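Mind looking over this structure? Questions follow.
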Amino acid sequence: MVDNEDLLQRISERYKKMSKGQKLIADYILNNYDKAAFMTASKIGQKVGVSESTVVRFANMLGYEGYPQLQKALQEVIRNKLTTVQRIEMTSELDESTLLKTVSKMDINNIRLTVEEIDKEVFNRVVERIFSARSIYVLGLRSAAPLAQFMGYYLSFIFEKVRVVTSGVNDILEQLIHIQPQDLLIGISFPRYARRTVEAMAFAKNKGAETVAITDSLLSPLTSYADHILLARSDMASFVDSLVAPLSLINALIVAVGIRKKTDISSDFQELERIWDEYQVYIGKDRS
Amino acid sequence: MVDNEDLLQRISERYKKMSKGQKLIADYILNNYDKAAFMTASKIGQKVGVSESTVVRFANMLGYEGYPQLQKALQEVIRNKLTTVQRIEMTSELDESTLLKTVSKMDINNIRLTVEEIDKEVFNRVVERIFSARSIYVLGLRSAAPLAQFMGYYLSFIFEKVRVVTSGVNDILEQLIHIQPQDLLIGISFPRYARRTVEAMAFAKNKGAETVAITDSLLSPLTSYADHILLARSDMASFVDSLVAPLSLINALIVAVGIRKKTDISSDFQELERIWDEYQVYIGKDRS
Amino acid sequence: MVDNEDLLQRISERYKKMSKGQKLIADYILNNYDKAAFMTASKIGQKVGVSESTVVRFANMLGYEGYPQLQKALQEVIRNKLTTVQRIEMTSELDESTLLKTVSKMDINNIRLTVEEIDKEVFNRVVERIFSARSIYVLGLRSAAPLAQFMGYYLSFIFEKVRVVTSGVNDILEQLIHIQPQDLLIGISFPRYARRTVEAMAFAKNKGAETVAITDSLLSPLTSYADHILLARSDMASFVDSLVAPLSLINALIVAVGIRKKTDISSDFQELERIWDEYQVYIGKDRS
Amino acid sequence: MVDNEDLLQRISERYKKMSKGQKLIADYILNNYDKAAFMTASKIGQKVGVSESTVVRFANMLGYEGYPQLQKALQEVIRNKLTTVQRIEMTSELDESTLLKTVSKMDINNIRLTVEEIDKEVFNRVVERIFSARSIYVLGLRSAAPLAQFMGYYLSFIFEKVRVVTSGVNDILEQLIHIQPQDLLIGISFPRYARRTVEAMAFAKNKGAETVAITDSLLSPLTSYADHILLARSDMASFVDSLVAPLSLINALIVAVGIRKKTDISSDFQELERIWDEYQVYIGKDRS
């Protein structure tokens, strides 16, 4: 896999050795990567006055199989480069009257792509590790904190060994200070990736723990420290991170755990049910 | 609107005055409401040996326009009656190999129905109230806490006046003790409805505050205390509440607020951007 | 031990069989227990026109060794009976100009009495149990939450097995759902005792766990469910619970644990020190 | 005021110009500041073979009025220089059998000195500002978080305008993003001072807000950004920060606020009392 972080830098470094046509492409991309990321090879060719195949070879030269791979890499660069202010600018182009439809369409599309692209073997392996781990740390910071909290909320009914790490009086790494090789850290992060989440993944890996990254792309900084990678789409043309597809994936993970542990959790929940009833935690249960 | 809470009781009370055919239907429903809730009128007719139109008239007699309304009411009854243990039983019938697809299909369907059914005027009015309110309390407990937290996370970048109520050292009502008539309480709850959320809505209403319910149905106990009702689907054949469609709706709400406040939040976020940069909160922003 | 909860009721029940002098005392106490609680036997005698020894016999008749025991019981009744509104009334009699001195004097006195009265064997046994327990739950709600948080903050540096229970998305009892016989629950509560703390102690005891109560008196409702009782004074003529002496006691507990685990925690903290240094958690460490 | 942070460095810088006797003292201090900090002038003189008055002049030369001031400065240096590992070493010299007495004596002494040294005018001004401020932020991180939480717990019954900042899904500075000139930030920090608390004080000051530091010494890094300084002693020969005297001071602050707002809070608490009663928050209130 080519490291996209330095894509723009790599283009700069190879600039000297480029053909004249390649230099034109390079100039355009370096100055307009935000636009280039959404143009086809032929469009870029037109723009700078070279052939489509020159653009394709430009991609090859940088180590990509074809232009689509280069384009995707550019999009990744953008995603991390966009400040929230730029995202708000983008948001303002959304039409308020069709907003709900637009947002829901993006969310539905994100879920659909997530299911299509998920690696089922990894999914099953993660479910297994959730059972076999000594301790499970579910970590999500900032906008990913609600996802970690949701996952922890359900898993802690089923297992004693769950610890949710979202914030707290102790710093994040302090909450991981006792992590061990038999433990599992499930790190959740989506663009813009919180630095401390990456640090926590690195810390856990370094201590020998097994790590799962729930993130949006192989280019996410979490993947460098992840034994298992579960990808969920979070594309959203807005300053809000859409965590709808990630939440759907986490739902499926919890349900998969629940199915395997069925008999055990039934008895756990029978006790909870008794408690909920005694303390009237829920409303609307028939008492007749 | 017919009160479904007592549907089974109402059937019992009218039993004496029913025709012989109606009694057969009543017997079947009272003993098998969990199955009946998912059968068509003709199927029930077959089961107990009466005509489809007898089943329809049975629904009319109970105050429903047609059989679909009775069926929906039965489903509501079930939803609140099902203990988590029963939900786990249901979960176990899910096929593990197709689990991800099943869950994602339900989630996509929930989002789709949510957008179709949403009342846009209410949606817009809620956006307006978020701007005009003196203070905004975003309240969600138990599995709805992550939703409240997510909504609060973004709204508190934009407004000072936001308070997230999910748990805390002070009890829930204590956190609402200063609520006033010009304030807005956004209460989020899905089956199984947390009792304390309903109490909080009632408390806020009683203090003269304006209230928004983000919930799953007009039959939700929150609606009794809500000035504005935003419905999002959360059907999920499992012990996990699916909050995917509610999250998508909340996304849309935040984006709608962001669009209207564009210029202001741009400057807020410029300052945040500076802070994030100085303290390296995020990873991957280009520093070259 | 005589149950003080029903002291006033017991007085009422025995009223019929009392001598004429005793009836006078009973009348006075039932109507003015808030004043009587702070009067000497001779003062009460004067007030109602009986001898001091009649007052003492009155105490004996109710099952107390002497008048001081009855007086203490009356003070306990008051402490739990006083609403916060009544406490505020009391507060208003404090002199603002000497406030700091008054508060600090009460706090110093509370610490002094706490050390004098502490049962050292119990103290040592609790330290031992902290080491030997499988899991340690440190529970404090409402105004006692900061104490639990403080204790948990330090203990969780030393042990992995610590869980702080102060509030949270999961209800209190849900956070204790996996508690077992080898576990230790340290419950912290001072007047006005939070009901849910008592429920949690009862729940843990019922599940076979070992329990420690850090509370103010043997009459505290926590003691019924406690294997070990550590008393700390919290008397404060105000609507604020003074948790200064309890905090001092908790300090001593943490230090005692630290002394015994010296070598181990040195290495834990060496790692923490490295982390704190790398992430500049603290200020002012010499880097030359 | 002399800046102690660089005391050791200043000694090094002036070394060249020192007399022979002063050089002997300087050598000893630079190599043994942890011991020197607890030696008298005459003891140091003996140690290095110079007169007591040479030691005193050494202090004068560095800008201190006398030796006691230099000694105090050295102790400050130590306090911040001591890693937790070194503190644990110190702790191990405490005698376990007299531990409780030792800890409580230090705590009592800390409270006594705190009251003696407090500036009453500052105390009263802070109470006034708590009333007049538009919003009040109570901030304490790490081991100071329980203090902030305790203070916030009570103040938020009395005022709506209180926000407790101890941790959270939003970063600390993000929670202060809306702070304004009419607002009050009460920052609480004791050695080892959390870096983020100092950053938060600086941030608030920079935004024009009024700031209060509750800290242990004029040499605390918080004081640079504080409009009002309230000092409370926290000396403790251990890895645990003793927050007993600071808690006593905070108690007094809350009570002082309560006394002034008496009538208003009575009615607030009457409503709370009704809520507490209805939801049985507390135990032991007489219901007869």
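First chain written, first letter: the chains are A, B, C and D, and each begins at residue 1.
Operating definition for what follows: contacts are C-beta pairs under 8 Å (C-beta built on N, C-alpha and C of every residue); 3 or more make two chains touch, one makes a residue touch a chain.
Labels paired with UniProt names: A, B, C, D = Transcriptional regulator, RpiR family.
Keep in mind the model is a prediction, meaning the values are calculated, not measured.
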**Fill in**
For copies chain B and chain D, the superposing rotation on Cα atoms, rounded to the nearest 5 degrees, equals 180
**Prompt:** Same residues or different residues: which describes how chain A and chain D meet, taking over half shared numbers as same?
**Reply:** same
**Message:** How many angstrom lie between the centres of chain B and chain D, each centre taken as the mean Cα position?
**Reply:** 47
**Request:** Could you put a whole-Å number on the gap between the CA centroids of chain A and chain D?
**Result:** 42
**Complete:** Rounded to the nearest Å, the gap between Cα centres of chain C and chain D is 26
**Message:** I need the residues of chain D touching at least two other chains; which ones are they?
**Reply:** 142, 145-146, 149, 153, 169-171, 272, 281
**Prompt:** Quick one: in the complex, what on chain B touches chain A?
**Reply:** 5, 8-9, 77, 80-81, 83-85, 88-89, 91-92, 94, 96, 99-101, 103-104, 107-108, 111-112, 114-115, 118, 120, 123, 142-143, 145-147, 149-150, 153-154, 191-195, 198, 221, 236, 238-240, 242-244, 247-249, 251-252, 254-256, 258-260, 262, 265-266, 269-270, 272-273, 280-286, 288
**Asked** Across the complex, what residues on chain B touch chain D?
**Response** 135, 149, 153, 156-157, 159-160, 169-171, 173-175, 177-178, 199, 268, 271-272, 275, 279, 281
**Residue ranges of chain B touching chain C (in the complex, touch as defined)** = 141-142, 145-146, 166-171
